[in-house]
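Going in written order, the chains are labelled A, B, C and D, and every chain counts its residues from 1.
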Amino acid sequence: MADEKDYHGKQNYVMLLGMIGLLVIGMVVVSKLGLSRNTSVMLIAGLGAVQFYLVLANLMHLKYEPALINLVAYLSVVFILLFIFGVAPDTLMIPLKITE
Amino acid sequence: MSAHHEQSFLSKYVFSIDHKYIAKQYTITGIIFAFIGGLFAVAFRIQLAWPGTDIPLVGVLDGMKYNMLVTNHAMIMFFWAAMPILLAGLGNFTIPLMLGADDMAFPKLNMLSYWIFLVSAIVLVLSFLAPGGGAATGWTMYPPLAATQNVDPDANFLVNLWTGGSLLILAVALEFASMLLGGINFLVTSINMRAKGMKLMDVPAVVWMLNLATVDFMFSVGPLIAGAVMLLFDRIFNTGFYDPARGGDPILFQHLFWFFGHPEVYVVLLPALGIASEIIPTFTRKPLFAHKWIVIMAVSSAFIAMIVWAHHQFVAGIDPRMAEFFSITTIIISIPFAFIMFAVIATFHGGQIEIKTPMLWILGFIVFFYVGGVTGIFLGSAGFDMYAHDTYFVVAHFHYTLIPIVFFGGIAGFYYWFPKATGKMLSEGLGKLHFWTTAIGLNMFAFPLFFSGLTGEHRRIFNYSSYEPMMVDWILQVRHVATYGAIILAAAQLIFFLNIILSAMSGEKAGKNPWKSNTLEWVADSPPPHGNFTTPPTCYRGPYEYSNPKRSGSDFWPQNEQ
Amino acid sequence: MSFLPEAYSSVAPEVFSLFKLILFLTSFWFTVSIAALFYGVFTSLKKQGGKAKYITGDDWSQSKYIWIPLVLVVLCDFWVDVETAHVWTTVEIADKMPAADYEVKIVGRQFQWDFVYPGPDGKLFTEDDVSIADGNDAELVLPVGKVMKLHLTSADVLHSFFVRQFGFKQDVIPGRILTRWVQPTKEGRIELTCAEICGSNHGTMRNWVKIVSQEEFETFLKNLNSGKVAMATK
Amino acid sequence: MSDVSIERVPKGRLGVWFLIAGELVIFGGFIAAYILARLEYPEFGSKEAAGALNPIVGTINTLILLISNWTMVVAHEAALEKNVAKMKNFMILTLVMGLVFLGIKLGYEWPTDFHEGHTISSAKAIAGAEAGGEVMKVSLFWSYYFLMTGFHGLHIVVGSLVIFFVMLSCSGGENLHRVELAGAYWHLVELVWVILFPMFYLIK
């Protein structure tokens, strides 16, 4: 293997674990609050995104990796979002077509 | 790994972890399948020209058989011929050699990906033997047809798995997995194992293009793998992802399919352009015109390629506003390719052009690919695609893109690197004969189809007798000419095999650098030993320093020389 | 283009003229580029003791020879985009659609087209709709000069509603109804084909479009509602 | 991207990251398909569908998977400190957690759903407006649910095997860098579950 000198900073994983755990609980609570559907979906999606970032950046050490790896990792997410936004208008269009 | 160590026959030729042998395995497998696919094409071309003829091996074609041949012709040519030859074969051979590396980053992974590929090929062949014959749904596998054909909802899932459609989907998924692993290998190798002193712009354009192709593949194939699994489940577990009768949405599959299916075209196109950008400077003895910009444009085209997919679905019933957006992006993508083609053409001016066989093939590639390229504008324009979609205009268009890419580009690369791969030269005379016959075959076959397509002759019809306007005299003539062309195209490849056999028996020895080229692969012996380079080369300059005034004596300046 | 079919609908001429525009532009660029290519090749073939020019194309004095053409290409692209958007909008965008005089529902099934006309109440999607299902002989009867609203759907798999002379096609999707419109401009009997592979007999899926004068169309509707048309079923 | 910063990366790590990107796109394909289908069919949130899943069990499972990721990170730190014994213990803990997750999913959740008559192709027939007769839309949710949780479970199995063999190969204290690679793959499983959990259990 090439050089194994590790450029990963130390970090407090217990705290990280706690944060993500709280976010999970938070999502469940939000889903139980009986808010209007859109708000709850928004909130849950937001919390989920935060967890996603925490896991990716800290657990998987992405924030210590060089630019290229960040590019690759985030591009994969970007293209999927692109796909969703590209197709969403199509799937949303269907009900109104049926009822014509 | 250490250079030059003894290997048993099996570990050297069969379970080889040497990138050069894996490249040869890919290429040979690809050529075999290209031959099978070609025979399929000849068979249904004969049916089109002379309906109801009893064709040897396949018999008289009815609608089902015809659809099956068309479907598997496309599938084989795309996934089991173009991909292994132009991506896996070319990449495995050139990337380590041109970067001055001793092998791929993960040789064992490399071997694994070839063997997965071979398994996928075997599954494909099995799909022909399944009850009901192979898949006959068109290569796009649009559900609900693909989700229900030959499927018995009450039978258990093994029965439904043992059908042409299911096996084909399985084979495609396996093939993608193999190419994905191979792609990881390409990228890691090109990033980590470049020769000492090789900066990004010293990397030859073909390696750039291969990596771009791999990136496009990696980021676009996921949705189709997911979609293929869902389609398979629709077939074997009676789920309803795509079948409206079970509550699904057939258009969703089309999106999943084309999100991959369009970048796939660039996955095979970019390596071909890369081959051109290697061969042209070598035989014009000139630097590649605006090398940096060609790379930049290739990168941008690789990105735009990800957001044009829906132009295959203009008439599929998608949201019309979306169609307008995708029409614009589709026509925008012509800009980077226009630039690349202009730059390539500019490279010829003021050179010392020697039209050896590889150069001849590349000239053919440029001219014929131009035809395919400009006719792409017609179809990219949603307004006219409404009429031309699914007619022979489309067929002619994509045969004018893919045959130049895979045949002309790929074979040019083959003639160019064959001396390096085997140490023997190929015969110039036979090579030129091969070129002219192939060129005649292509144009006889594809060009007339533009006209019959314009009259609205729609595709995938096994017998036009039910359509009066399609039975007029000149269209019948067009079908005959096209069929003769297809037969010539197929027969011309025999010259190719003859050429290879002759060179294997009595080809003249190729030196280390028969074409007087700059890039690093020509530093190694031909054929390069296991481990490629006796001493790892160091890179001092860009790959296209031909006729540099600073260089006295010779008109080329290898990358590894001070 | 003599190869293109005769136009039978109000939009077909626009579609075909779009084709001519693109043909003009692309053939111009094709000729220019290929001419430049061959000029380059034949003026710089290998000569004894000749030396190639060292042109990197990095500075503007050289690269302008491809940047300027590129800008022109972009302009042509823009032109094509504008024309495309115009044609596409007129044909496909629902709210750009002219007011419909009549409606018909067209159902593709393996391997034939069925046509559903409004019943006595003159409205579609009601109980008394009359459907014409007559294998490959069923005719889609349209009045000349009137705007016909087409409700396209399928009963089993994907098909594609394609009448060459109308200049457009539309895939029909089971479980969805897509609305397009056509305004026939000539009387006559032309072919309605399926342009999306739909199974073993896709190659025989052909019906007829019969374009008649408005009076004949009215009488046709009357006969339909009084069950005088063959194969008409409620 | 300057060359230096790239060539500091060991090739193994690069390879794993490209693999992760590829896997992310594949999962992304499923997730995108699910989201799009869900936009199309509001009844996904109905009592027979998302409503029938038990969020409590899901939450417990999520936390278990989360803790297993934490133990994996600790194992990696131990590997950095060349503390093989600690590393092995925490990797074993990770494996146990992974198996518990699978146990709950395959041993409790899926059987309950089956018991309630929800299978991958289970259907509740409702009159379809234009689809001709009966359509069975509710089944779609369960198709997606079983498909995607199954695919995720498959990755947990693969990840556990990877961790197991890496553990064996590192038990002598050699090639410890593999621990991080195995860990990265294991975190991918968590990464995906972070999205799957709310999508299936919480959004009604």
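Here, contacts are C-beta pairs under 8 Å (C-beta built on N, C-alpha and C of every residue); 3 or more make two chains touch, one makes a residue touch a chain.
Because the structure is a prediction, the values reported are computed rather than measured.
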| item | value |
| --- | --- |
| Chain whose Cα centroid lies nearest the overall Cα centroid | B |
| Maximum inter-chain contact count - chain pair | B-C |
| Centroid comparison with chain D (C-alpha atoms), farthest chain | C |
| Chain B and chain C, separation of their C-alpha mean positions in angstrom | 30 |
| Rounded Å distance between chain C and chain D, as computed from the means of their C-alpha atoms | 46 |
| Averaged-CA centre spacing for the pair chain D and chain A, given as whole angstrom | 14 |
| Residues of chain A whose C-beta touches two or more other chains | 2, 68, 75-76, 79-80, 83, 87, 91, 94, 98 |
| Per-residue overlap in chain B, given as positions that touch at least 2 other chains | 191-192, 219-220, 222-223, 244-245, 249, 251-252, 255, 321 |
| Where chain D touches two or more other chains, by residue | 1, 6, 9, 11, 14, 18, 21-22, 24-25, 28-29, 32, 36-37, 40, 128, 130-132, 135 |
| Chain D-touching residues of chain A, taken from the complex the two chains share | 1-4, 6-8, 13-14, 16-17, 20-21, 24-25, 27-28, 30-31, 37, 40-41, 44-45, 47-48, 51-52, 55-56, 59-61, 65-69, 71-73, 75-77, 79-80, 83-84, 87-88, 91-92, 94-95, 98-99 |
| Residue ranges of chain A in contact with chain B within the complex | 2, 68, 75-76, 79-80, 82-83, 86-87, 89-91, 93-94 |
| Complex interface listing, chain D residues touching chain B | 1, 3, 6-7, 9, 11, 14-15, 18-19, 21-22, 24-30, 32-33, 36-37, 40-41, 120-121, 123, 128, 131-132, 135-140, 143-144, 147, 151 |
| Residues on chain C engaged by chain B in the complex (per definition of touch) | 1, 3-5, 12, 14-16, 18-19, 22-23, 25-27, 29-30, 33-34, 36-37, 39-41, 43-47, 50-58, 62-63, 65-66, 69-70, 73-74, 77, 80-81, 83-89, 91-94, 136, 156-158, 160, 162, 164, 167-176, 178, 191, 193, 195-204, 206 |
| For the chain B and chain A complex, residues of the former touching the latter | 191-192, 219-220, 222-223, 249, 251-252, 255, 259, 306-307, 309-310, 318-319, 321-322 |
